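Across the two complexes that follow, subunit A remains constant while its partner is subunit B and subsequently subunit C.
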Partner chain A sequence: MTTSSLNDQPTRRQAAMAVLSHAATAEIAGHLDAIAVPVHEQLREPENGLVMLRGRIGGDGAPFNLGEATVSRAAIRLVSGEVGFGYTLGRDREKARLIALCDALIQTNEFAAAVEVQVLTPLRARIATDRQRKAAETAATKVDFYTLVRGEG
Partner chain B sequence: MYVAVKGGERAIENAHRLLAHERRGDRDVPEVSLAQISGQLSLGVDRVMTEGSLYDRELAALAIKQARGDMIEAIFLLRAFRATLPRFGASEPVDTSRMQVRRRISSTFKDMPGGQILGSTFDYTHRLLDPVLAGESMPEAPALAEAQPLAMPRVTDILGRDGLIESSPAEDADQPVGDLTRDALSFPADRDLRLQNLARADEGFLLSLGYSSQRGYGRNHPFAGEIRLGEVEVEFMAEDVGFAVPLGAITLTECQMVNQFKGTDTEAPCFTRGYGLAFGQSERKAMSMALVDRALRARELGEDVQAPAQDEEFVMSHSDNVQATGFVEHLKLPHYVDFQSELGLLRKLRKEFHEAMETPSEMQEAAE
Partner chain C sequence: MTTIAEMPAGFADKVLSAQSTFRSVMDAMARPGSVQRIEAASGVPAPLMRGSAAIALTLFDQDTPVWLDAKMAATLDVAKWIKFHTSAPVIADSSVCSFALIGDIDQLPALQRFAIGSNDYPDRSTTLIVQVPSLTQGPAIELRGPGIDGTAVLRTQMAPDLLERLAVNHALFPRGIDLVLVADDAIVAIPRTTRFVAKEG
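Showing the complex of A and B:
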C-alpha cells in the first residue's frame, strides 16, 4: 500500500479491498449473507471500463504503458451516510458492487467488526492457503546444485 | 460498383452462416468452452491478451473461439472490443520485485539469492509427442516442497549494487508517459513509447528481429540476466476514493537482458540492459522484446544503426500484426476500378509495342 494517512482508515480500507479483489463474487456474497446488511443506495451504477497498466523500464525505472485491463467499478451509500467504493479487475460488475458495500460497511462502527470476522477473515485464510500451496509447488522446482554435486562418484 | 455491392449481400450473409457452421465443427463432438480454452490453451490466451493489449482471460478465450484459433484474428477482435469501453485512467506502475514468483531463472549466476526456480516449463522436455495426451488423462498432482520466504532481488539489482550495470532511466514527474493509443507515432520515439509498441508487437516479428541481432545484424552480446514469471498486484489511484485502490493481481513475464558493456572517457565501462515485459506466461515474447529493446537503443548508446533491429522506424512501423494484417488483407477487397485503369494502360502499352514491331524503323531499313 502506498498511501499513508493521519488516521489508519485508508490503510484499513485498502487492506480490505486487497483481500476482496482476490476473492470470487460468490465467495464474497456467501460470507456477506451472515450480515444483516443495512439499507443502501447505488451512488454509481456498476460499470465496466479500462485501466492502462503501467510497468517500469528495467523493472525499476521510468514508467511506460504496457497494455490495458478490463476493470469494474461501483459506489454505494449506506442509509447512515457512509460511501463505499468498489474497483476490481475484470468485467464482473456485481463483484465491484459487493466490494463497494463492504468498503462502506467497514467505515461504520456498527458493522466493521462483523465484516472483519465474517467476510475478511475467512477470505484471508482461503487466499493464504492457495498462496501457500502455489508457493510449495513452486519450491519443489527449485534447482539444488549442491545435491547434484554431492552425488556418489 | 454499387451493383456488385448489392449483389454481394446475400452471399456475405450465407458465407457468415457457413463460417458459424464450420467454426462449430462436427456437431457430434462436444463444444469447447471458454473455461477449457482459458485453462488448457492458456499460453495461447496469454499471447492474445499481450498482443491484443487487453488483460482479460475470458475475453481472450472468447476471441480465440470466435476466431477458430486464428491468433491474429483473435487479437484483432480484442483490440476492437477495447475501443468500446471508457478508460478510467492508468495504474500505478507495477512492482515486479514484489512478484509472487512461480518461475525465475538466470543464465548469468548459478547461485543467486532466492535461487533458480524452474516452475512449469517446456525447457528440458524431449519434444516428443506424447500419445497419452491423445486420450483423456489425469496427471499426477504437483510435487510440494517447503517454501522459504526468501527475498528474490532482480539480478540487475545485484549487479547494480557494484555499479557493474547501468541504472534504469529515472522517472521524470514532469514528463507525461507516452501513449501510442492516444497520440500518433512520430520519430525519433522515446523508450517508453518503444516499449509500449514492443509489448503489443507480433511475437513472430520480434522473435525474428531478436534472432537477427544475435546472428550479427546489430549484435549486442546478450545474456538472459533474469526471467521471472508470477503474479503482481495492481493499484489504481482512484480520484473519487482518494487513495490507491488495489485492483487484484495480474500474471506477468519479465526478462532482463544483460548486454555488452560500454564506456567513455568519463564513464567506467558497465553492462547495458534490454527489457521485456508481457502479460501471462509469455517467455519467448518477453525475451525477444528485451533483445529488440536493446538493439533499438543504438542511437542512445552511440552505436552505428546498420541493421533492421536497430532501426526504430522500421521496427515500430511494422511490428503491429493488426495493422499489418489490415494492409496485407485489404488486397482481397474489390479493386475493380483500380484494376480496370491498370488494365486499360497495359492494353495501350501493348498495342503501342506491337505497332512499333510491325512498322520497321528507318534504322532497320537502312541496315537491310
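Showing the complex of A and C:
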C-alpha cells in the first residue's frame, strides 16, 4: 500500500459514509447485489442504542443536552482482516450492517473500485438529484418582501 | 498486542445467547454446587474460557467496573475484548470492582481486597469469576445452605485455603463475596449464603 492511499483512506471512508448514511437500506442492498461480497463475520452484531445530542444556542453558546437519538451500529470483519464500522441514525439494524460491510469493502484493494462504481456513484447521483429537486421546489415558494418596504419616495 | 483485525467476535446472536447464559448463571446461583452448562458460543480471547467469555458478554456493561488478575492482564487481549464488546471499564483497583476475572486460582488475592458491599447495599459487592481446571474431578467439598436440599457435593481443584478464606462470608452477612467457578463451558456458583460443612479427602 502506498503512502498516498494511506492518507486517502480516511477521506475515502468519510466520503462513503456521507453517501451511505443518506441512502435507504433497500438501495444499498440492491446495489451491493452486483458485487460478489467476500466471506465475512459480524465482529459486533448490529444493535440499537441511544446517543445524547448536544446543542449550542446560536451555534456558539454554552453546550446543553438537546435530547437522545436512536442509533444503530455494527462492525464487520472480512476474511482478509479488514474491519468496517457502520453507525446510522434510527433503528434500522440492517442498514448499519450494510454500511459496515461497505466500509470494510472500500478498505480492500480488490473491492474498493467496485463499491465506488456500483454502490457509491449511483447513490451519490440519486441523492444529488433529490437534493436539487427539493431545492428547486423550495425555491419556487420563495416570497420577496420588497413590496412591504414602505415607499416614502 | 491484538489489533482490531484479530479480535475475537462477540455473541453471534446477542439476545438469545445472553438470555440463555443469564439463565445458566441464575440457575447456578439458585442451586449452589450444581453444574450448569453454558451453551452460547462466542469468540474467546486467551486465556479466557468459553464460559467466562459468555458470562462477560452477558453481565458486564458500562456500569460494572471489571478487575483482571495478573494472568488475565498478562496481555491486553482480554481487556481490549471486554472494552470493545461490553464497554465495561477495566480498572486496577480491585476494591471497587463489580466483577473480578481470576485466571489463576492459586494467586487469588486476599478477599478483603474486593468490595463486600455495605449493610444498606449488600449488592455492591464483587462477584468473582474464577477459572478452574475441572468441576468434576478433585477433592470433594460438601456444601450446605439455601438452595441446597440437604447437602451438595462439589469436586474441584480449589486452592486449599480458599474454603477457610471464604468463611468470612459467615461473619460478614448480608455483606460478602459471591463466587462463580468456570471450567470450559461448565459453571458452578457459590453464593455468599453457602456454607462448607465438611471436607472429605
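Criterion: the second predicted complex is superposed on the first by the 138 of 153 C-alpha atoms of A that agree within 3 Å, B and C clash if a C-alpha of one lies under 4 Å from a C-alpha of the other, contacts with A are read in each partner's own complex, and residues count from 1 in each chain.
Keep in mind that, in the parts below, a contact is a pair of C-beta atoms (placed from the backbone, for glycine too) under 8 Å apart; a residue touches a chain by one contact, two chains touch by 3 or more.
Since the model is a prediction, treat every value here as computed from it, not as a measurement.
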Subunit A as common anchor, with subunit B and subunit C clashing or fitting: fit
Touching partner for A:Ala125 - first (subunit B), second (subunit C), both, neither: neither
Superposed arrangement, angle subtended at the Cα centre of subunit A by subunit B and subunit C, nearest 10 degrees: 80
Which superposed partner A:Glu45 touches (first subunit B, second subunit C, both, neither): second
Contacts of A:Gly81 with subunit B and subunit C, given as first, second, both or neither: second
Which of subunit B and subunit C A:Ala113 touches, first, second, both or neither: neither
Partner touching more residues of subunit A, whether subunit B or subunit C: B
Touching partner for A:Ala34 - first (subunit B), second (subunit C), both, neither: neither
Contacts of A:Gly58 with subunit B and subunit C, given as first, second, both or neither: first
After fitting on chain A: smallest Cα gap, subunit B-subunit C, Å: 7
Doubly contacted residues of subunit A, that is, touched by subunit B and again by subunit C: none
Residue ranges of subunit A touching subunit B (in the complex, touch as defined): 1-3, 5, 10, 13-14, 17-18, 21-22, 48-71, 73, 75, 85, 87-91, 131-143, 145
Touching residues on subunit C, where the partner in the complex is subunit A: 4-7, 9-14, 84-85
Interfacial residue positions of subunit B with respect to subunit A in the complex: 49-50, 53-56, 58-59, 82, 85-97, 100-103, 110-111, 115-120, 142-148, 154, 156-157, 167-172, 175, 177-181, 191-193, 195-196, 199-200, 233-236, 238, 240-250, 252, 254, 256, 273, 275, 277, 279
Parts of subunit A lying in touch with subunit C, wherever the complex brings them together: 41-45, 47, 77, 81-83
